[in-house]
Amino acid sequence: MSGTFVGMPAFPEAAREAVRDATLRGNLRHATHTIRAKRAKAVAEVPDWDRLREAGKRIKDHTLLHLDRYLEQLEASVTAAGGTVHWAADAEEANRIVAGLVKATGESEVVKVKSMATQEIGLNEALEAEGIRAYETDLAELIVQLGKDRPSHILVPAIHRNRGEIRDIFRREMGAWGRPAPDGLTDTPAELAEAARLHLREKFLRAKVGISGANFMVAETGTLVVVESEGNGRMCLTLPETLISVVGIEKIVPTWRDLEVFLQTLPRSSTAERMNPYTSMWTGTTDGDGPRAFHLVLLDNGRTDTLADEVGRQALRCIRCSACLNVCPVYERAGGHAYGSVYPGPIGAILSPQLRGTGSEIDASLPYASSLCGACYEVCPVAIDIPEVLVHLRERVVEGGQVTSRGDKVVLKPAKGHAAERAAMRAARWAFSHPGALRTGQRLASRTRRLHPRTLPGPGRAWSGTRDLPEVPAEPFRDWWRRTDGGKDGVK
Amino acid sequence: MRVALFLTCVNDTLYPDTGRAVVKLLTRLGVEVDFPMAQTCCGQAHYNTGYRHEAEPLARHFSDVFGEYDAIVTPSGSCGAMVRELYPRMGERARAEGRGDTLAATLAPVVPRTYELTEFLVDVLEVTDVGAYYPHRVTYHPTCHGLRSLRLGERPLRLLRAVEGLELAELPGADECCGFGGTFALKNADVSAAMGADKVRNAESTGAEVLCAADNSCLMHIGGTMARLRTGMRPVHIAEILASTKEDPAV
Amino acid sequence: MSARERILGRVRRALADVPRDDTPYERAVVRDYLREHGERTVEQTVDLLAENLADYRAVVHRTDFDELPYLVMRLLAERGSQYVLVPPGLPPEWMSAADPTRIHDRAVSTPQELDRVESVVTGCAVAIAETGTIVLDGSPDQGRRRITLVPDHHICVVRVPEQVVSSVPQALERLDPARPLTWISGPSATSDIELDRVEGVHGPRTLEVVLLPS
């Protein structure tokens, strides 16, 4: 994954800063609450939402369980339609393929459609190292690129920026990348969008190479689909002579007809629209219309490892709508950067530790970045049970066990730093398996209750730093029950 | 019908008033309730923190203790959801690990017989007016497991609306998590506290004296935050409101 | 080993524990969702299209065959367009009253040249009422994808009711995946600033849809 995320601190530390950043909290709260209400309204318009959701889930599950067959079918369809298919087992291989394809055109700049897959593999940095400049053309990606920032949301990578900050970035940075921001640029969204239009137009018009991802790939027809709003996608997909699409292998659907499900659920879940402004579909190349050369790079990069996990593989159903981010109370307060990945929020918390493994501090902490409130599962248009996978990954962290890493089965050791917790859990399990021991502990707590401090030392400060402790009662319920014969003798 | 009270380890140890309230309420409604002394913990904290294998003996113990009862009533949405939603999953996982159907078969009997208190009242006893009296302005927080796992829906609100003297105030952002989340409250204390503070601010904005919920774990977090922020609001378990009468009012 | 073999091998090993399932695809996925939402007459479906187009800031006009050339003339005049792009198979009558210089698609060879054209007039392949969407498939009355992208003003003529379907599933049934397809729902827009929708970014900022009864 992108080098910008290496060495991220664990989630709780990264989140601490965000929680204290009042501007960030305000920006995130405003944006996520705006979209939450809109999404609910857009979904309520469709009476068969649950059935569409179930169909989407089943289409994706079926595809994943026959992925080898559909990959081969897709390859044949794309090739028959005039495209060239490349396979990349990891980020490095994908970057090498793309850089080679760009160099073969003789060009030293490319225009890019917003794509999670190319973010994930750090393509822009890899191209830069080869002397190729990649221009992001999605408005939010442009804001991130100009601001030398990192994306913090799947759909709206600059969600952590408000309009005033965006205006400042445009005024300050646009000139170094091309056409400067118009004089007197204000912070109205319409003016900011106009500034982006002017800045990027010259790049679109001269571009010879476009790079994209895809939302869907249809195995039976070889059709790729890009869902977007601004028209930057259409520009990159139709004006250049060469188009290179880097797409995760899980983006396949078997048939043309399957799009009827996702083209209903994706726009309503992501931008809360009945339909997004532009959807482009192309099948190989078309004489006289659009790029003359089309390359599809099929990316694994941890997806087959994820597929090998019976519980975790459901994360591969994800269609990157970002509805789970928008409803997540943890995301709203911690912000996207705390997740240390291009995939933030609840889906990121289950995707990153599977794609990258749980070896790093940040990845081992992500499964805990949730109160398990279940709001993400409820809105997911492909019914990914995110809480189930989070708990499953917590188990992987604390217990270790067999996992697949780069295609090989390996046995993970339990993560360090959980020894005290593990001992406490075992002790609690022992006490709870012996009701007598539990009762003894409860009585001890009750008898010493006057001595209990109001705040706790050490790890207990995590609680008592912000919350008062409950008072321990004079007697536990079970003693009262025994003493009063279940309350029958009327004693209180 | 043999009815058992599954009070939960947290309530048994820290919130005996809630247990007494459930007993009082059910007795008033003509239900004889038993408290099996061998009960301990459903294993939720273990399971949700990643210690599924440590949770298994606790689940088996739960099944041993409660297997003979026709109905198992608990005043905790999250522990109810543990039994109803996650015990079957534990059985499935054991099967997938090549350990056969034993665990699933052991746990199966208690799953459909476990009811969260408000479910038991509305669905099994078919009452919504439990004859309670509680002259206070109250706002209700639907806890996440009650809302999204057990789908309690309107049940708690129907019960509260029927309480004499109770003025129900709608809680803004009611369906947002309070930030407790079990070990989340410790592992991600900053985010948890921020969520708790927002919940408390929303509760305060209703002008209610009392925030009630059907789960003392969440109330421990919300109440601890209220006390620290010196709001003057109190957290009260819904059982204590429903148990309160003119003759024997809750304090 | 090639990357292709490596990836396919990983997929097969990853699925080794999955019981073999030969259920044909048609039966593996239950499609009990609706083919369309609600019951409407043909006229009501066209009305819904108009309503949803307008909701996403497309400008909707209704006219008849005789009036169409004058409407097109007026719309171009209101924009002050000097040059208008015309796909090769556009019915010539549609433009018979228009003043601006007609540029034929193939004459515009570079994107820069295309950028100097102010307006474009096309037909469409299908329109979807429930979502307020028009779909272009590169047929002769619609032209190459770029001609409806670079100019800032797009006039799209929809023949009603025969080109109008109710729903997304019905639209996909009518479309040919081998053709390059562009689905358009209103003028270009973005939600990238504070997740608030604003219209007008890179695609045509003005989309005018003319509903033409046959």
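Labels A, B and C are assigned to the chains in the order they are written; within every chain, residues are numbered from 1.
One rule holds for everything that comes next: contacts are C-beta pairs under 8 Å (C-beta built on N, C-alpha and C of every residue); 3 or more make two chains touch, one makes a residue touch a chain.
A quick note: this is a predicted structure, and the numbers were derived from the prediction, not measured.
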Interface ranked first by C-beta contact pairs: A-C
Chain closest to the middle [Cα centroid of all protein chains]: A
Chain whose Cα centroid lies at the greatest distance from that of chain B: C
Interchain centroid distance [CA atoms averaged], chain B/chain C, Å: 52
Chain centre separation (chain A, chain B; CA means) in Å: 32
Distance from the mean Cα position of chain C to that of chain A, given in whole angstrom: 30
Shared interface positions of chain A, touching two or more other chains: 310
For the chain A and chain B complex, residues of the former touching the latter: 11-12, 15-16, 19-20, 25, 310-311, 329-330, 333-334, 367-375, 377-378, 388, 391, 393-399, 421-422, 425-426, 428-429, 431-433, 435, 438, 442, 445, 459, 462-463, 465-470, 472-473, 475-478, 480-482, 486-487, 492
Chain A to chain C touching residues, read off their complex: 27, 30-32, 34-35, 45-48, 51-52, 54-55, 58-59, 62, 65, 67-68, 71-72, 75, 81, 86-89, 93, 137-140, 143, 155-156, 158-159, 162-163, 166, 189-190, 192-194, 196-197, 200-201, 204-206, 218, 221, 223, 229-232, 234-235, 237-239, 249, 254-261, 263-264, 271, 273-283, 286, 288-290, 298, 300, 304-305, 307-308, 310, 313, 326, 404, 407
Chain A contact footprint on chain B (complex, rising order): 7, 9, 11-17, 19-20, 23-24, 27, 33-35, 37-41, 43, 45-55, 57-58, 61, 89, 93, 96, 144-145, 148-149, 175-177, 179-197, 220-221, 223-225, 227-228
Of chain C, residues touching chain A in the complex: 2-4, 6-15, 17-18, 21, 25, 28-34, 37, 52, 56, 110-112, 115, 128, 130-133, 138, 144-146, 149-150, 168-169, 172, 177-198, 200-204
